[in-house]
Amino acid sequence: MKVGFIGMGNMGAPMAKNLLGAGHDVAVWNRTASKAQPLQAQGARVVKTPGEAARDAEVVVSMLADDSAVEAAVLGPDGIVGALPKGAVHVSSSTISVALSERMTKAHADAGQGYVSAPVFGRPEAAAGKQLWVVTAGPKADVDRVRPLLTALGRGLTELGETASAANVVKLSGNFLIASMMEALSEAFALTEKSGVERAAFLDVFKSVFARAPIFENYAGAIAKGQYTPAGFALRLGLKDVTLALEAGRHAEVPLPLASLLRDHFLTGVAQGRGDEDWSALGALAQERAGLPKKG
Amino acid sequence: MKVGFIGMGNMGAPMAKNLLGAGHDVAVWNRTASKAQPLQAQGARVVKTPGEAARDAEVVVSMLADDSAVEAAVLGPDGIVGALPKGAVHVSSSTISVALSERMTKAHADAGQGYVSAPVFGRPEAAAGKQLWVVTAGPKADVDRVRPLLTALGRGLTELGETASAANVVKLSGNFLIASMMEALSEAFALTEKSGVERAAFLDVFKSVFARAPIFENYAGAIAKGQYTPAGFALRLGLKDVTLALEAGRHAEVPLPLASLLRDHFLTGVAQGRGDEDWSALGALAQERAGLPKKG
Amino acid sequence: MKVGFIGMGNMGAPMAKNLLGAGHDVAVWNRTASKAQPLQAQGARVVKTPGEAARDAEVVVSMLADDSAVEAAVLGPDGIVGALPKGAVHVSSSTISVALSERMTKAHADAGQGYVSAPVFGRPEAAAGKQLWVVTAGPKADVDRVRPLLTALGRGLTELGETASAANVVKLSGNFLIASMMEALSEAFALTEKSGVERAAFLDVFKSVFARAPIFENYAGAIAKGQYTPAGFALRLGLKDVTLALEAGRHAEVPLPLASLLRDHFLTGVAQGRGDEDWSALGALAQERAGLPKKG
Amino acid sequence: MKVGFIGMGNMGAPMAKNLLGAGHDVAVWNRTASKAQPLQAQGARVVKTPGEAARDAEVVVSMLADDSAVEAAVLGPDGIVGALPKGAVHVSSSTISVALSERMTKAHADAGQGYVSAPVFGRPEAAAGKQLWVVTAGPKADVDRVRPLLTALGRGLTELGETASAANVVKLSGNFLIASMMEALSEAFALTEKSGVERAAFLDVFKSVFARAPIFENYAGAIAKGQYTPAGFALRLGLKDVTLALEAGRHAEVPLPLASLLRDHFLTGVAQGRGDEDWSALGALAQERAGLPKKG
């Protein structure tokens, strides 16, 4: 396929290289032109504007830093929308806002072009090693068309339906999960260190008990299904344990804001009559706050 | 060894059975006597009080529901402290408060007895299958003495030093990590569902990207070492992404309190000059809040 | 009346002096005896133990720093419970836990003594000037008996029913309101200062608009009655404005954790269909979290 | 003066009427024209577009619902920027974002026009009774020019310097203070009600102790000055009391998320060595989180 690739950062460059390796004809663009040079040696054509990369492409892929970079390259002067042929498809892999993804959905539709959102999970090394996980959403015909490219970028693909911005929400939710785990780890290390535990020792426990174990997967499954009874570990015991952690924090003088948040949610669960459900019924509370119909 | 075992709940019973299986001589006690019967069939002696189980034991292990149950069995009338021979050791495996663990440390020391804290990670099935992970702390001589029992209970052991209550803090921190991940998953499912993503599809992404992957382990290592430069993913990008998640939440009308907490912490990091460090520098912020000396 | 007074701190001393001034016969005790001396010059009898102060008193008032000081003076050796005559009343004015207040309720009842909880609002200057506000709860007969003393301590009295610990909850709630306002002010000053506003100028606005104005009183009335319609200012506008404040905070790099909390609550209100109610419907959300029956 | 007034909502209409009453010549515009009719009876000229109201005005005042309404009226077709004579001034009284205020600052400057931000505090009744409090910021010459109008709108004025958007931050901070107090009251009512206190009784305490008292004013002064020693009430006692409130909340099953936030902040203060400062040192913590230089 004739492909335009916008953005030669530490993610975009190895992704473009993988498309070249899969036999596609690739034109690349980067705001700082020098970063595009290495791709030329590997067979890419370097162009001067996003529009030039899109001009006669069947598919143009963009992988940029943030909303303003994407907005400029797609909707700005000499941008993708103005140049992409009717019927060709824009694949947006950047981590951007839902609002911008919705604006691009409309702009491409108005121009008779296709638009697919396809953010990726993985670091630059994963991009280089074709180990990214791609999540995608958009009109079925467009996704069908670009699927060979998406599968050339990584080790797997989850398709999320016809609303392109849904893939952006999933990418943002994934980064939110990582940040949450880091915050939880940060507080746990602070608490254990100030209680006299070597950081290396707590790391050893974490690796032995949690890392690569099915525990998070199992809880994710329970929350996905909204199945909170019978309780494996009752929510009121969750309240007990997080309260004990907070007391340990007061004892050692360690603030634990995430634990405070959990305590409030567990206590809400108990106050609302869910004390004997499984502690993963945190999932039910989140749904109720959001005004979603109850599961389970 | 001659062992007393206090508490035949769904954790205590399989643990006592494993000690029997390892060839130890075990006397068991439970508040509701009927629950101790099945162990009798497997060779245990059933006794009438915690004191009786401790009377001529070399080691007594307790595995009970909460602080008040442990307090009654250990410090109450006909309890362990009153009956355990001098030089014998009490191994406390319950999930209890730091304050109670410190009180028992003192009470046993005053009585010339040993005291080791040894909470376990794992569900009843893991207890039955000898798959628990044990964390332990206490005076070295006491830990040396009971190590054969601890290794008979599970698949591994992390030793945490001579302050018994440190093992309780680690156990509470572990449960806190699980609850944190459940809360993060709960919010992520609420956000993606209300944005039109099937819960099964988001579960598929979670399993493919996070579950059993080294990602959390890698971040735990960075936070343990306090190594936040060079940035793999800059903290100011973390602020950007969590802000986008909150905007997506407002768009779909989904409150995300854990994301709000993360936003405040990332923004604090940026305001304090850490915007270009890795986003795992959340760990540095937790240390500073706790008044710990800076790492990294 | 014959009165014992326990605790000659910066609150207790002026309170005891007011009782002397009202013509009562007062025996005073303090852990550090020297602090009781000034009262002697004003006609008080200084005694050696709390029990001695209680021995032949009709009423004993205690005003101490915290739970452990109260526990020692009331339930400890040579304490109030052991010495107070049957039918005499203990008035507890300290800021203590609900749990300790409940234990004292029981201990005094078991001993045939009366017990009234009567915490006070006001600083030492207010105590000296008889400007305290007293909140009290306990059995009606006991409150009737000590009312002349309570009115001698301050400018007014709110009676809260027969459950003594209710007065402790109200005192703790009052201190919580003060701390909340300080936190809100702290965040607002940080935001405005970093946005270029002199702290003195924002203080001027605060004094002109809020201080001593009926605004908080009016909202307290609405929340007390659970009357959230018609909206004076709609909850969805509250969400708009707190979101704008958070955006201003991001712009100026000022974390606003209390604003984040408010945003989540307003967004929950909108998601649950309360967007067109008055923004004081935060009160309805708090009731629902607590599992209380709905108002309004 | 010749004045244009944009927006005849429940705030704009009485404000415009006060300008008429002060003898000014006023042209009014409203998106829904019928709402402008009552002003005609009082001497105003009703016009068809914002531009028409601005065309030959010396000052144009706008009072609209939100960012999008202001953006349309000011920057849209036939809007204020396109029509206002050079040297004339736009006074923006709407509650809007800092970002939009900054955009208008630039747009008016580019067009050779003046721009002053002047949001108001007060309900429609206060607007009608000339009881609004106005906060204003902008270039000194522009503020000097419009001051007679601003003083005709309310009972007083605080001037905040030459950066127009600073007045918007102050308005948002004021609404944030109100919302914070409502949240605090909401949690306090939930806690006391579920602990058996009549809502009317707690309202009585609130009115007697806090409403219209100088307490909040005094703390605002301390935080403004950053004066946290000597302590009137030590931060570590604040930690004690808010912890007791949280324990009372657990006892009665009432989640108190604002109290949790306060606990974390007080505990951070203690961990960082501020336990003996006044509890208003919450202000110092907010400054440090924001990366502001320390006060006090």
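First chain written, first letter: the chains are A, B, C and D, and each begins at residue 1.
Keep this in mind: a contact is a pair of C-beta atoms (placed from the backbone, for glycine too) under 8 Å apart; a residue touches a chain by one contact, two chains touch by 3 or more.
Here's who's who by UniProt: A, B, C, D = NAD(P)-dependent oxidoreductase.
From a predicted model like this one, the values you see are computed outputs, not experimental measurements.
In terms of the distance between Cα centroids, chain B is separated most widely from D.
At the interface between chain A and chain C, over half of the residue numbers involved are used by both copies, so each side presents largely the same positions. With centres set at the average Cα position, the gap from chain A to chain D is 37 Å. Distance between chain A and chain C, defined via averaged C-alpha coordinates, is recorded as 47 Å. Chain geometry summary: the mean Cα position of chain A and that of chain B are 29 Å apart.
Residue positions 253-257, 261, 265, 268, 271, 289-291 of chain A are each in touch with at least two other chains.
Taken together, the chain C residues at the contact with chain D in this complex read 66, 95-99, 121, 123, 133, 135, 156, 158-161, 163, 165-166, 168-170, 172-217, 219-221, 223-225, 232-233, 238, 240-242, 244-245, 247-248, 251-259, 261-262, 265-266, 279-280, 282-283, 285-287, 289-292.
Considering their complex, residues 257, 268, 271-273, 288-291 of chain B touch chain D. Against chain D, in their complex, chain A makes its touches with residues 239, 243, 249-250, 253-257, 260-261, 263-265, 267-268, 270-271.
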